[in-house]
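One structure coming up, written as structure tokens, with questions to follow.
Note that the chains take the letters A, B, C and D in the order they are written out, and that residue 1 is the start of every chain.
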Amino acid sequence: MRATALSIPAHLGYVSLAASVVRSAAQLMNLSDAVTNRAELSVVEALDNVIEHACGNDPSRAVSLVIGALPGAMQVVIRDDGPAFDMVAAGKAAARTDTALRAATLPDSGFGLALINETTDIARYERTGGWNELRLVFFAS
Amino acid sequence: MRATALSIPAHLGYVSLAASVVRSAAQLMNLSDAVTNRAELSVVEALDNVIEHACGNDPSRAVSLVIGALPGAMQVVIRDDGPAFDMVAAGKAAARTDTALRAATLPDSGFGLALINETTDIARYERTGGWNELRLVFFAS
Amino acid sequence: MPSFAIPVARPTVHLQTAAHGPLLVVRPAHDRLNAHLAGAFRTALLDLFESGHERLVVDLSGVAFMDSSALGALVAVHKRCVAENGLFLLCDLSPAVASLFDLTRMSSVFRIYPTVTDAVATYAPNHP
Amino acid sequence: MPSFAIPVARPTVHLQTAAHGPLLVVRPAHDRLNAHLAGAFRTALLDLFESGHERLVVDLSGVAFMDSSALGALVAVHKRCVAENGLFLLCDLSPAVASLFDLTRMSSVFRIYPTVTDAVATYAPNHP
């Protein structure tokens, strides 16, 4: 059986299109709403980062997703041709938001990497031949 | 700017995933609900045919869509590697349903090709290098 | 990159039913009725007919999208009902579904009501 | 095959507003609040604040999905309100949105009410 593959321009307007593919694929796999929501959030955060930071919002560049199944899990592989950046390692290093912070010092950005880590069951990064490849796995239960 | 490309296995379960991509793309283009619905129906009917008749419901085969914009229009190109079949010519030849028919003789299939013709502003078929390529264009207004 | 694919579960049709006197109102609990579901949908409706429910109302209020294969399933059940002097009504078509019926000239073949209430009021006025 | 692409319109934020005494209830008319909209969303809320609406209730009942960029926009407006002794309430979070607030520990930063009615009853009981 073939995988499902999607390629979009590196433009934030297309992230919702990619999210709808992830949701549809999750439905085809009969994933629960909770797992579907987690997968959607993780993929959206990863795509937001790839489009903004790896591709500099340049819509002449493409970002690709390959969605498939592992036993009991959905896998989404995201590929871009931006500079090497290990989102998984950076996410592990990202400090958790300290809720004891006073309003004045609350961060109003920088939540993405920690969110990918928290919503994804297995995340792997690989640099292969000029591509960043981020492999996100979501367990069905 | 890059086009949006989708590849799915030739399995009817994936048609709704492709439909959600068409709907999202139509929304990104600010197409009206009426045009969006027309485009969705046309693409679904074409994919149903490609998957059933060209690919014999064999999910190891892939069907691809490329969605893009022409001035004032959305274009969807559908490609499969099945036997040559000109859906546009066959659609023009397809007789319209005769509503004067008695219930006993009403057809309960065979509506697809005529529907593609009626919902699509421009449809072109091409056979290129082992591929069927169906180009469907929907005017924004 | 290795190629994984998603195994698609066999389609199961979910129909909600409610009796109104001689009528059985059947509501498909699917927002999309398409070729993937059409065969199972047709079988499920014909099974209801065979089990003695010969006056069926299909409530399409939950169906946002329908393709020609699902329409074909409705035509098949309609033919069966007409052939055996049953009744087959449709109601509550979304704009996209109504447009499918118009484009295929099936609007004039089926008896279509705006709402379940209208259909029931016409054929089972004592069983609202 | 030539490569065509879809030109994406610049994002426009649609906010429905309703005054309840000193409170302004603001309802984003978007089912997705994401990075594409976040900048415009933040600006629109701050514009309301600058134009004198210093007690804002953001009604998220229409928002099925939110990402961290849109959350960041809310944090920015919250900080501004707190800094200037205004009020910034949120209400009616969908399950996915509530989960985003939990995962980022922002549930304990914002004042979150189940419904608009609850928020209004607490801060503007004479203006239901």
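Quick notes on this structure:
Just so it is clear, a residue touches a chain if its C-beta (ideal position, glycine included) is under 8 Å from a C-beta of that chain, and two chains touch if they have at least 3 such contacts.
Note that this is a predicted model, so its numbers are computed, not measured.
With respect to subunit B, maximal separation of chain centres occurs for D (centres as means of Cα atoms). Once the centre of each chain is set as its mean CA position, subunit A and subunit B turn out to be 30 Å apart.
Subunit B and subunit C have Cα centroids lying 24 Å from one another. For the pair subunit C and subunit D, the distance between C-alpha centroids works out to 41 Å. Residues of subunit B in contact with at least two other chains: 1-4, 9, 11, 13-14, 16, 25, 28, 59.
In subunit D, 5, 8 are the positions where the chain touches two or more neighbouring chains simultaneously. Taken together, the touching pairs give a contact graph of some other shape, not a line, ring, star or complete one. A complete list of chain pairs in contact reads A-B, A-C, A-D, B-C, B-D. Interface residues of subunit C facing subunit A in the complex, by the touch rule stated above, are 1, 3-9.
Looking at the complex, you find that subunit D touches subunit A at residues 5, 8, 11, 32, 34-36, 65, 67-69, 71-73, 75-76, 78-79, 82-83, 95-96, 99-100, 103-106, 108-109. Contacts from subunit A toward subunit D in the complex involve residues 9, 11-16, 19, 33, 37-38, 40-41, 44-45, 48, 51-52, 59, 96-97, 99, 103-104, 106-109, 111-112, 114-115, 118-119. By the touch criterion stated above, subunit B contacts subunit A in their complex at residues 1-11, 13-14, 16-17, 20-21, 23-25, 28, 59-62. Interface residues of subunit B, counted against subunit D in their complex, comprise 1-4, 25, 28-30, 66-70, 74-75, 77, 79, 133.
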